[in-house]
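Here the structure is laid out as structure tokens; the discussion comes afterwards.
By written order: A, B and C. Residues from 1 in each chain.
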Amino acid sequence: MRSPKLLRHAWTVASKDLLVEFRSRTAILSAAVFVVLVLVVFNFGRDPTAVSNVDLAPSILWVTFTFAAILAMNRAFQLELENQALDGLLLAPIERSSIYLGKLIANLVFVTGVELIGVPLLALFFNVRVLPYLGPLLALIALATIGFVAVGTLFSAMTTRTRFAELLLPVLLLPFMIPPLSWAVLATGRLLAGRPLSEIVGWLNMLAVYDIVFVTLAVFLFPATVNE
Amino acid sequence: MLLAEGLRHSFGAVRALDDVSFGLQRGRTLAVFGPNGAGKTTLLKVLAGLILPQRGRAQVDGGRRAIGWIGHQAQLYAQLTVLENLRFWSSLYDVPDNEFLPRKDDLLQRLGLRDHEHRRVSELSRGLVQRAAIARALIHDPRVLLLDEPFTGLDRMAAEELRELLSEEAAEGRAAVLVTHNVEEGAELATHIAFMRAGRFAHFAPRAGRGPQQVSEDYRDAIA
Amino acid sequence: MRMLQVGRWLTAIGLVLLAGVYVRALSYTPVEQTQGLAQKIFYLHVPAAIWAETAMILVGLASVFYLFTKDPRLDRFAAASAEVGTIFCVIVLTTGPIWGKPIWGTWWTWDARLTFTLFLFLLYVGYLLLRGAVPDPAMRARYAAVLGICGMCEVPFIHLSVYMFPTLHPMPIVLQPGRPKLPGSMLTTWLLSLGVFTLLYVGFVVQRYALSYLREQLEAAGEVGHA
């Protein structure tokens, strides 16, 4: 049975990545610091009479998540280049896609971790009511995150081997982040403003379609980035 | 156990492999000597399945599962312990626990790593890291070993230990292809010798008892 | 060499015809009622926009075929199409504000269509940057193909967003369900312009393709010389 093996190997790769990250902890700390920094700076920067919290909140939220995602993705394949572990992964009798899926899962877990810090902090510092909308909000966050992390993980497999790796990834990723991000920001704004769910559903659907298209595409294209 | 037929592969205008063919049986070790750029690493990569040759084919009985690679890079994760590394790699090869545990113990014992099992690779000395890399290559019980310049950076004693280990493995029936530009270090282990230049085998024959010095001379004659 | 000459001729003819289209647009086509003279930029702006998007789709298609066949000609074509597409994007992004200033009163607005042409431009820039960052030709072709395919698939999502956002941008009047709403004479000018831009696209791509082929030959000769 090929499918369970694919997933099992993907999970092996993902848990290895997470274990490594857990041991060094640098990335999660940078991301957490950034989240707090953004929240504090935006608070001092705004005029509470001019801009309401609810208007500002979605942008802040998504800026921090995006930063965390790029941080994670930059490191994902970097790890495999030290000590040439990537060759080892390619030699192993596993599907190439399990390497990609494993990296994707690890990146998603990382970004989710940051989001789990960011959302409560945002609700706290900015006094934004989040709990009534928690379900749809989480769905929205999940769908949008998968969208750009899927593409970013694929691209990072290519950029790590180029000269300006860390610079190139965000540049390549920018046009691919905008659709899911803009839909997410708009939908988050509507959601937190208490608009009815029916208004959000359209965006959720589009995000789901985006995710399906790009995850599938990435799984098919990934082998081309590592095979010679 | 291992078969190469008419391998041809070019990188742009550079011909890395130019009609290479040979076979290798259980327990035999082929040492391939050649200058840099001769195509030795490309040959290994094609045998390993990392590169698909433009012409010809390479076949290893058992496929990728049966191959173990020892190179000059460790392929270990520095932040993980020796044990965690071994567990990770063995699970990618689907080694069941009941095989993994005894084999792991045996390997660590033979390589002198028992006391370092739970230490992070980043904390180990260079020599220990290299031994751990060998353990990683052997943990899934590969029938074929591919070695890419394995003596690089090893001192005399470490090189001698590696040679001992490799002859033990050969005695257990593993086939090996060893690629290096250092003729003296690799000659002793080989049952068969090949000299490679510009993608071709300039010589391919059993070693027939010739010592490292003699092989070295043969090499100079053939390649120079 | 032949190809380069053909490309140059095509481009030259295209440019002359473009001038011709403009003469027609300025002198012989009626002035639009609400927008006045500024509307005339539409004859330049819209065909360029169409080709900017089409060029990206062609890059994507060439990339798909490249991954299956590994034929370097497809890679060369993709690179050429990407460069030409970038130029057309720049045309759209400059003619847009030139029109926008008199009509909207501002040089730039985060209007959906203009914004997404900006993102199309970013896609192209990313593609060209990636190509520039990989020295090995085979790896470069593979990576570019992956990015090209992703870019092509991104285009419909960019398109989708245009119809979702309320916008100041004029709604499509030519490419829309049903018959084009443009009166006869204007439609003719527009179609002529589209034809000219098609010619220009082909001419530029052929030239660029020929140039990169020549360069590869020179490099190969240089390598053999040094070996």
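Following the convention adopted for this analysis, a contact is a pair of C-beta atoms (placed from the backbone, for glycine too) under 8 Å apart; a residue touches a chain by one contact, two chains touch by 3 or more.
Because the structure is a prediction, the values reported are computed rather than measured.
Taken as a contact graph, with one node per protein chain and an edge wherever two chains touch, the assembly is complete, since every chain touches every other chain. The most central chain, judged by C-alpha centres against the centre of all protein C-alpha atoms, is A.
One simple way to say how far apart two chains are is to compare their mean CA positions; for chain B and chain C this gives 51 Å. Separating the CA-averaged centres of chain A and chain B is a span of 39 Å.
Spacing of chain A relative to chain C, judged by their CA centroids, is 31 angstrom. For chain A, the set of residues that touch two or more other chains comprises 228. Counting partner chains per residue, chain C has residues 138 touching two or more of them.
Residues 151, 154-155, 158-159, 161-164, 168, 171-172, 174-176, 178-179, 182-183, 206, 210, 213-214, 217, 221, 224-225, 228 of chain A are the ones that touch chain C when the two sit in their complex. Partner chain B is touched in their complex by these residues of chain A: 5, 9, 12-13, 16, 19-20, 23-24, 79, 82-85, 87-94, 227-228.
On chain C, the positions that touch chain A within their shared complex are 67, 119-120, 122-123, 125-126, 129-130, 133-134, 138-139, 142-143, 145-147, 149-151, 153-154, 157-158, 160-161. By the touch criterion stated above, chain C contacts chain B in their complex at residues 137-138, 220, 223-224. Residue ranges of chain B in contact with chain A, taken from their complex: 45, 48-52, 63-65, 67, 69, 71, 73-80, 84, 88-89, 91-94, 120, 136.
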